[in-house]
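Here the chain labels run A, B, C and D in written order, and each chain numbers its own residues starting at 1.
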Amino acid sequence: MFFASDNGGPAHSQVMQALLDANAGYASAYGADPIMETVRRRIRDVFEAPQAEVFLVATGTAANVLILGTLCQPWQTVFCSTMSHIQEDECNAPEFFTGGAKLTLVETEQARMTPDTLRRAIEAEETRGVHGPQRGPVSITQATEKGTVHRVEDIRALSAVARDYGLKVHLDGARFANALVALDCTPAEMTWKAGVDAVSFGGTKNGALGVEACVFFNPEDAASFPFRRKRGAHLFSKHRYLSAQMNAYLTDDLWLDMARSANAAGQRLLRGLQQMPDVTVLHEPPANLLFFDAPRSMHRRALDGGALYYVMGGDPHDGPDDEMLTGRLVCDWSCEDAAVDELLGLLRG
Amino acid sequence: MFFASDNGGPAHSQVMQALLDANAGYASAYGADPIMETVRRRIRDVFEAPQAEVFLVATGTAANVLILGTLCQPWQTVFCSTMSHIQEDECNAPEFFTGGAKLTLVETEQARMTPDTLRRAIEAEETRGVHGPQRGPVSITQATEKGTVHRVEDIRALSAVARDYGLKVHLDGARFANALVALDCTPAEMTWKAGVDAVSFGGTKNGALGVEACVFFNPEDAASFPFRRKRGAHLFSKHRYLSAQMNAYLTDDLWLDMARSANAAGQRLLRGLQQMPDVTVLHEPPANLLFFDAPRSMHRRALDGGALYYVMGGDPHDGPDDEMLTGRLVCDWSCEDAAVDELLGLLRG
Amino acid sequence: MFFASDNGGPAHSQVMQALLDANAGYASAYGADPIMETVRRRIRDVFEAPQAEVFLVATGTAANVLILGTLCQPWQTVFCSTMSHIQEDECNAPEFFTGGAKLTLVETEQARMTPDTLRRAIEAEETRGVHGPQRGPVSITQATEKGTVHRVEDIRALSAVARDYGLKVHLDGARFANALVALDCTPAEMTWKAGVDAVSFGGTKNGALGVEACVFFNPEDAASFPFRRKRGAHLFSKHRYLSAQMNAYLTDDLWLDMARSANAAGQRLLRGLQQMPDVTVLHEPPANLLFFDAPRSMHRRALDGGALYYVMGGDPHDGPDDEMLTGRLVCDWSCEDAAVDELLGLLRG
Amino acid sequence: MFFASDNGGPAHSQVMQALLDANAGYASAYGADPIMETVRRRIRDVFEAPQAEVFLVATGTAANVLILGTLCQPWQTVFCSTMSHIQEDECNAPEFFTGGAKLTLVETEQARMTPDTLRRAIEAEETRGVHGPQRGPVSITQATEKGTVHRVEDIRALSAVARDYGLKVHLDGARFANALVALDCTPAEMTWKAGVDAVSFGGTKNGALGVEACVFFNPEDAASFPFRRKRGAHLFSKHRYLSAQMNAYLTDDLWLDMARSANAAGQRLLRGLQQMPDVTVLHEPPANLLFFDAPRSMHRRALDGGALYYVMGGDPHDGPDDEMLTGRLVCDWSCEDAAVDELLGLLRG
C-alpha cells in the first residue's frame, strides 16, 4: 500500500519495452536520434502546436528551472503560489538557473492563485524603479501541489492578468496528465489557448522512468534553451533513452490511460474517505493526490498496517489519539483497487 | 560501422535486464532505494575505500561539474589540460556550477598535463593577492580526450604537485574503465592511492544508458554535494533506475569486460592503421579512442563506404586528395571485429 | 524642505576636510593605506571588539550582500522581515551575491520580526530534506525600514532564536547610528553582546559621501570576504578616500552627533504631527524616519509648498481631498529646525 | 618616488573642489542629480555620440564587468588578450557578472591581440555545437597592460574581425586618456568610428578619486545595465559625488591635461632608460606605463634609494647582481620631473 508519492511506482511495461526496442545498434547522440524526431512531431500534434519547440530532460525540476531561466531575467521575480514546487521543493534551483531571480509568493485559494491575488502581487512589484525586482513570468502548477486542478477558465484568467503586464506564463505540469483527464479538455485548451507560453510536460510521475518535455509555444522564447540545457548538464548523450520513454508515453494514449487509472484510484480513495465521519478531506481534489485530516489513531492504524504515506502536523505514533493530523495520499497509475480498499479498511478500523 | 563516439552504442543487455528487474512495485525515491545501498557498497569495495561517499547522476558533465563545485570556490581557478572536456565540451557548465570559477589551461604532452607544465601553471596564479584568481583543484582526465592514458605514476606525480600547493585532485573518469584495463591496475591504485580526492566514475560511455558515480574519498569533501545535486536539478526521483544501471555495471566485472572489448577493438584498429603507409596514428593510444592523419581520399572512401566518424581539419569531400586530415575513431564495448575490419578495408582501398 | 531620504543630504564638512587631507601625495592602494589602519583600530575600539575584521565598501547594498554572501550558502535561505531592504530595495543583489540563496520573509510587528514569527519561519524550513532550502542566517535591520528601533533585548531575543538553530545573525545597520543614539546604548551592547555576528555599519546615510564598514566579530566568518569584495568589483584602488571618510566619521563622535541631530529633527517632526488632529503617525518611531497618514489635501499643500517627500497609496494631486495617504519623512543630520517647522506649517495649513 | 601604480597618486585639486561644490544642500539620489545630466551631455559631446547611454560607477572592474555582463551571455566566451586586466586582475569578476561566461585568451604582440590571433581564437570556438562555449564579445584594453597602445587602425582591424562574426566590441579604457593623447586622435576615432560598441572610460587612474563611465554607443545594448548595476550593488545613493568627479574631469580638458602630464613623465623616464647600456625597455611604450629589464643591482639601488615600483622575475634583494629582472614603472598625472630624474639617477648609480 504505497501512497507516499507517484514517483515511487514502477514504469509502465510499454515504456520499458520501448527502452529495449531503442537499444539496438548505434544512434546519434545529444538529441539527434531519430526517435526524438517522432517525439517532437507527436508533442506538436498533441498540443495542436506545429511550431512548438520541444526538448527533453530527465527531471521535473530540470524542466521547470530551465524553462524559467529562459523566461526570466536575473533581476526579475517569478510569481508563483506560496506552496509551489519551485518554491518549496527545488532547493533554490530556480534561483540558480535564473541567475538569482526572486520568487514572489502569491496567496492561494485551494492551492490556486486567483486573478486577484496574482494581480495584487504583480502590482506590488516594479514600484520602486531599479531598486526592487522587476516583474517576471507567472508560474502555475497544474495539478496543484494540493491535488486541486485549475479549470481552463482559471488558467485563462491568470494568463490574462499576466498579459496585462506583459508577463510570460509557465505551466508546471508535473501532473499535467492527471489534470487533463480530470478536466476532460484538450492539451491545447489547457495551455496555449488559455495563454500559457511554456509547459513542463511531465512523464516521470505518470509511468515513465524519468523524462519530461519542455514545450515552448513561441519558438523565439526557446532560443537560449539548448545552451541552458547543456550548461546545466542536462543534455543526455544517449538521448534515445529519453526519447523512447516519451515516445511510448505518447503512443496509443498510454499517458492518458495511466492518468485515468491514477485518478480513478484517487477518486475511489476520496469517496471512501468522505464516508468516514472522523475524516475531513481538504480541497475536494479531482485527480490523484489528496490531503485529509484524521485523528492520530486512524493514521497510526493505517501506518502500522503497512500503508505508506506522509503525515503532517505531528508524529503519528506519539500524542493524543484524537488529535487531528493531515495525511497526504498519492495514487500512481499502477495503484490497484485492492490497495485502495485495504487502506480504507485500515483507516476505518 | 559507427566509430563516431562511445556514446552512440547500445546499453548492455545485462544493464537493460537490471532495469526490468528494478521495475517491480514501489521503491523509495531520491536515492533511498535499496539498490543504491548495494551500489554504495560495491563502489566502496571496488575502490577499497570503505569511507567513500557515493552519489549517482545521469550525465558525465553533471558528475564533473557537481564535483568541481564542491572542490572549488568561485574565486578560484581549476587547473586542467587545454583539451579537457570541462574546458572544451561542457558549455561553461564548470563556470556555472562553481559559481564563476575560472579554468586555467595547462599545456600537455600527449594530451596529458605534466608535472612541469602543471607546476608552472599553478605557480603563475595566486601571485597577485586578491586580484587574480586563487588556486583551486587540479582536474585530470583519464583516459584523456585524445585517447592516451596516464600511467599510475603520472597521476601520482600530478597529485604530488597539487599537494605541494594544498590543492585537491579531481579525476574525470568518463572513460575510467578503458584506462583501468589498459593499465591493468586497481581502481584504488589509479585514484586515491595516487592522490586523487574525487572521481567522476563513468558508466554512460561504457555500456550503461546514462549513469555516472561521483566518488569522494574524503567524506568531508562531499558535505555540500547533496544540496548541490538537488539545486542542480540532478537528483532523480525514480532513482532506482540509476542505481540499477550502476549495479549491473559493477556485477560480475561487466564494466571491465565491456572496457576490454572496447579496448580490444581499438587496438585492432590501431594495428591495422599502423600498417598503412599513408597513415600516421597520433599519440599511440592504448585504449578505445584514437586519432590518425590520413589523406582526404582515404577518409572520403571510408565515409562514402558507410563508416561514421569525425574528420577534422577540412571537409573530407572537398579539397585535394592528398591533403592530410585528422580522423577520430572511437570503439565502444559493442564494436565487433567485423566492423573494424570493414573500416580498415575501406581505408586501405 | 527635503525629507525624501537621508541619502539626499550633503556630507559633513569634517568628512570633506578629511578627503582633502587624505589627498596629499601617494598612498598604497586597495586598502593598504595607513588611514585604513586607523579606521580598523577605531572600529574595534568603538565595538569593544579587538579581534573584529573590518572592511570598507561604498554602498549599503554592497555591505549587506557581501556579508550575506559570506554567511549564507547558495542552497540556504536568509530569514528577514517582509519589508527588509534586502528584500525590497536591492534588486536581487542578495540572491546574486549569495549565488542564488532564497529570502524567507518573516512577519513583523512595527516592522520588527518577533521571536515568535522568526521561530515559526525557521521551523517551517529545512523540513523537507534536500528538497527545500536549508536554514541560513537571520538578517535584522536596525533601525528598521519603517523607522522603528529594536531594543537591545529585542535583538538579543531574535539572536537567541537564531542560536537555537545554529544560525548566524547579520545586522543591516544602514541607520545604525540613529538607532544607537535613540537607544542610548553602546555599539557592543547593540551587536555582539546581543548575539550579532556581523554588521553593515552605515556611514552613507549619516553624513558621509559613500562608505560602509563590514564588521565581523568572529574573524573566521570573514575568511572569504576579501575575495568576495574583489570579485564583486567593490575593492577600491584609491581606498584612502573610503578610509578618510570613515575616519572622520568616527573622530570625536562626529557620527553620534550627526545621528543625534537627525533624530532630534525627526522627533520635532513627530511632536508636530502628533498635534494635528487629522494625522496619524504610524509606529511611533524614535529616530529620524517616520510614516504618517494624512488627508490628500494636507500632502498636496505640503508638496505644493515645496516639501519633498514620498507619498504612498495614491497620487497626492489626484483624488478626493479627504482620502488618507501615507507620507514618509526622513531627516538627515543636516536637517534644520526651520525646515521642520516650515513643513509642519504647510501641513497645518 | 612613487612609480608603483597610477592609482597611488592623489586626485586633482579641481576634482576635489568639484566635490566641495557639489556638497551644498540636497540632491536627488541614485543618478537623478543635476550634475549627472551635465556629465551625460559632456560625454556625448566628447565622443560625438548624442545617442550614447552613459552610467557612472566607482571602480574600473565594475565598469568592465557590468559592460561585459550586458554584452555576453553566460554560455559565451569573451575574447581578450592573455594579459588582459579582466583575465589577470579581477578575481573572476567577469565570470561572476556574466553569470559564468568563459574568457578565451588570445595571443598578443606587444600586449596587443592581432587580427590574426583574434581570428584564430574566434574560429576555434563555436565549432562543437552546444558543447563548447559560444562566441561572445571581444574586449580590447587601451592602453594595454604593458603600456603599449593600439593605433586607431589596430582597433579598427580587431573590430572588423569581430564584426565578421557578429560579435560586439568592448574597450577597457582604464587608461583611455593616456592612450588618446599618445595617439593624438579623437575619442570618437578611437572608439565607435573604429567599431567599438561600449567603453569603460576611466577616471580613477587619471586624477579622480574613483569614477568610471560606462558608455554604450548603441542604446539598445544598454537596456539591462541599470538593473545590472543595481543588483551588482554599484548604484550610488549619493551619486552626485560620482557625477561631480566626472564633471570636473571633463571640464576644460582637465582629463587630457592630466594624461599629457603622466605621459610626459613616462616619456622622460623612457628616454632616460634608453640611454642606460644595461637596460632594455620592453615594448617601446608611448604613454605612462613601461616595463624594463635591468640587472638586479640596479633595481636594488633604486629601491633602496626610496623608489617604489614592482620588480618581477625574482627578489631584487636576493640573488646575483647581474641577473636581469623586470621592473614596471607607472607615472600618474602628478608625477614630477624631479622624481623622474631622481629615479633615473638612482638607477644610473
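One rule holds for everything that comes next: a contact is a pair of C-beta atoms (placed from the backbone, for glycine too) under 8 Å apart; a residue touches a chain by one contact, two chains touch by 3 or more.
Every value quoted in this text rests on a predicted model; they were computed, and no experiment measured them.
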* **Classification of the subunit A:subunit D interface as same or different, half of numbers criterion** => same
* Asked: Out of A-C and B-C, which chain pair has the most contact pairs?
  -> A-C
* Hey, which chain ends up farthest from subunit C, C-alpha centres compared? -> B
* Asked: Where the CA atoms of subunit C average out and where those of subunit D average out, how many Å apart are those spots?
  -> 34
* Structure fact -> Per the C-alpha centroid definition, the whole-Å distance linking subunit B and subunit C comes out as 51
* To do: Between subunit A and subunit C, tell me the centre distance in angstrom, where each centre is the average of that chain's C-alpha atoms.
  => 41
* Give the residues of subunit A that touch two or more other chains, as numbers and ranges in rising order. => 74-75, 90-92, 96, 99-100, 130-131, 134, 227, 230-231, 235
* Okay, in this complex, where on subunit B does subunit D touch? -> 74-77, 88-92, 95-96, 99-103, 105, 128, 130-134
* Using the touch rule from the top, collect the residues of subunit D that touch subunit A in their complex. => 30, 73-75, 99-100, 129-131, 134, 224, 226-231, 235
* Of subunit B, residues touching subunit A in the complex -> 2, 4-5, 7-11, 13, 16, 19-20, 23-29, 57-62, 65-66, 90-93, 96-97, 204-205, 209-210, 227, 230-238, 241, 308
